[in-house]
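Below you'll find the structures, each written out as structure tokens.
Each of the next two complexes has chain A plus one other chain: chain B in the first, chain C in the second.
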Partner chain A sequence: MATENEAQGPNASDYIKHHLVHFNSSGHKQEKLVDFHIINYDTVFYSASVGLIAVLLMAIAARKATSGVPGRFQSMVEMLFEMVADQAKSLIHSRESRKFVAPLGLTVFMWILFMNAMDFLPVDLLPRIWSDLVGPVFGIDPHHAYQRVVPTADLNGTLGMSIGVLLVTLYYNVKIKGLGGFAHELIAAPFGDKWFLAPFNFALTMIEFLAKTVSHGMRLFGNMFAGELIFMLIALLGAAWTGPNAGSIALWLAGVVAGSAWAIFHIMVILLQAFIFMMLTLVYVGQAHEGH
Partner chain B sequence: MNLNATLVAQIVVFFVLAWFTMKFVWPPLEKALDERAKKIADGLAAADKAKTDLTLAEKRVGEELKKARESAADVRGGAEKQATSIVEEARAEAARIVAAARAAAEVEAAAVVQRAKEDLRGQVAELAVAGAERILRREIDAKAHADLLSNLKQELS
Partner chain C sequence: MANVMGLVALACGIIIGLGAIGACIGVAWMGGKYLEASARQPELMNALQIKMFVLAGLIDAAYLIGVGMALLFAFVNPFAVVG
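Here is the complex of A and B:
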């Protein structure tokens, strides 16, 4: 929701393009669709940092937690705890599994909430600090100093988490049903346990896992990417400043109004997306506990 | 939307954070909340018990009060009876004393009267003899008339 000027150039297209390039190990925009030689430093840094802040905040609350009268901070963390614990209890019936999956749900919710909340920083704030102040220290050309601060607006970030959830569901599938049981289920469901249906069963189960994982990650990514893009477009209204004339002032005011409106709406979006991601995590793990 | 090694890094971060929460966040919170729930449950149970105890105690107090009142009434009844009997006895005793005193007084008075009468009689006889002596000094011979005088004395008694 920034209305700062962009020194990069008056070209709106360039501004958006510049903002959509990650600070990665190649130093320029990734050309290939999939390239595992490249890593996005910014996504890893911001996701790990806010993740650490999130869990440390909760750890502080947990450390001070007493069974006596709770303070406000403790109450807030306890409310989150209860929310996740209740959902986990209703979706996962194994008490043993909940010992890991419920904390996982809480982590995912808080982590995604914090990563999404990076959207509320002015879109140019951290990128400009990077390109003008910090980047040059490391000898990075300001014109090619890229920085994207919302880890959930990077498909790698969200798919990474959804693949993590997939691994957890696979683990519990094997743990609950046994390796043989799980393998049998792969070829026996959903059409029926007939030898000639096995290939179709297997294909459909694979599609199911793939669809679950991709939609899980894509849903969050799409929402956050779109949100970030709209913040950039709103920022362009302010970037169109050409001097203290009527047109510039009108655009700037429009930027302020639109930026505020979108930011307020976005509060709901980031909460909702974090909650949905957490719920789906619990649902998928819960499904791993049930046979077809 | 390009995929690269960030994906792997994100998976690692995902599990590290989940492990951290499972290890250091969830258990203490769970413990605190469970303990609080237990504390509240215990408190409610204690309150219930206290209420029952209070009802029982009130009942017992009522019974004790009733008993005490009854025994007090008994004591009062007994005391009144005793007091009445004491008063009765005292009254009887007093009546007896009064009667005895009266009888003694009457006896004494009768004796005194008797004595006085006898004295009086003697004196009257003497006075009569003396008077008669004086009047009849010469004519009456005391020895000759002794029977007469003694008869007179007898008649006067």
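Here is the complex of A and C:
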């Protein structure tokens, strides 16, 4: 996983810090915690290209599907499809909404799965290609060529997706209940339909929407960020190479073992997180269909 | 400055440690209940398994958000500007 990197930067802390900077439109590290002027090009690029791969893969599966004996690939996609369709059926009772939401769930699942799977590339592979081969072509100083390859380990990516889900739920809230019905629910929902309770109802509903959206995005981000960071820390074991002596070789071997073990465990994490993101998307859209 | 860094390091340790305790107790409790339930009604095992994984992810979430925040403090450290 992470053992391809020998001569790294000056020390461990610098190495990690370098790897936690995005390739963004400002050209250096983002200074403020929130800054809407900066676009993270790497997140945009990798999420878009990985999404394209996922969509193409599913399109190929759909194009090549036969009604005869299915091959391995087709069976796998069919199982996936059925899994999402079953969950959608049990969570969203409107048949018409399912026509849009179930494919949305499948897309979200595949997309997040593929974005998360970028973690399995060696941590230094793409950043190194960028800083040593591709970056200089565009005139970017190799020492300030930053790259982060896991789009879901960027809070902007995951919160963007969860806000997308929020917009879908708002759309279905308005569509199912009507503008008036939704507005009435906003001020009447948890405590009851009394005029003096309206401000509390409204405040609580807003908190509910905010908490749902933030935790939806933060959950994926936290998992993937922590996973990515642990891959980096494991990479440091190999980065401590000082020459062919016993200590370095032992550390390198430890890096191989730890990297493999963590990668195997991480397969479960990325599947689970993609699944949970999809399930919660369906649950939230399903909630939008239920009146209080 | 060094004082701030030390306090942030302690805070990160506490965030991760306490979060881990909570998440582990939660997952253990739920896993135990799942085993009990599937021993009592083995035919429900598959249906319960999916629900258990979703809930495990939900229980993990608060802890992993904490880990994410702690790692953010450790490496980006927004308090260093103030301190």
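As a convention for this text, the second predicted complex is superposed on the first by the 288 of 292 C-alpha atoms of A that agree within 3 Å, B and C clash if a C-alpha of one lies under 4 Å from a C-alpha of the other, contacts with A are read in each partner's own complex, and residues count from 1 in each chain.
Operating definition for what follows: contacts are C-beta pairs under 8 Å (C-beta built on N, C-alpha and C of every residue); 3 or more make two chains touch, one makes a residue touch a chain.
Nothing here was measured: the structure is a model prediction, and the numbers come from that model.
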Notebook entry, point to check: Once the shared chain is lined up, is A:Leu272 touching chain B (first), chain C (second), both, or neither of them?
Noted result: second
Next item on the list: In the overlay, answer first, second, both or neither for which of chain B and chain C A:Ala102 touches.
Entry: first
Notebook entry, point to check: Between chain B (first) and chain C (second), which, if any, makes contact with A:Leu179: first, second, both or neither?
Noted result: neither
Notebook entry, point to check: After lining up the shared chain so the two structures overlap, which partner does A:Asn156 touch, if you call chain B first and chain C second: first, second, both or neither?
Noted result: first
Next item on the list: Spot which of chain B and chain C makes contact with more residues of chain A, would you?
Entry: B
Margin query: A:Ile16 in the overlay: touching chain B, chain C, both, or neither? Say first, second, both or neither.
Written below: second
Margin query: I'd like to know which partner A:Ile38 touches here: chain B for first, chain C for second, both or neither.
Written below: first
Margin query: According to the stated criteria, A:Phe221 is in contact with first (chain B), second (chain C), both, or neither; which is it?
Written below: both
Next item on the list: Using the superposition described at the top, list the residues of chain A that contact chain B and also contact chain C.
Entry: 33, 221, 225
Notebook entry, point to check: Mind pulling up the chain C residues that touch chain A in the complex?
Noted result: 50, 53-54, 56-58, 60-62, 64-69, 71-72, 75-76, 78
Check: Any idea which chain A residues touch chain B in the complex?
Finding: 24, 30, 32-40, 43-44, 47-48, 51-52, 54-55, 58-59, 61-63, 65-68, 70, 77-78, 81-82, 85, 99-100, 102-104, 106-108, 111, 151, 154-157, 159-161, 163-164, 167, 221, 225
Item checked: For the chain B and chain A complex, residues of the former touching the latter -> 1-11, 13-15, 17-18, 20-22, 24-33, 35-36, 38-39
Notebook entry, point to check: Given the complex with chain C, which residues does chain A contribute to the contact?
Noted result: 16-17, 20, 33, 87, 215, 218-219, 221-223, 225-226, 229, 272-273, 275-276, 279
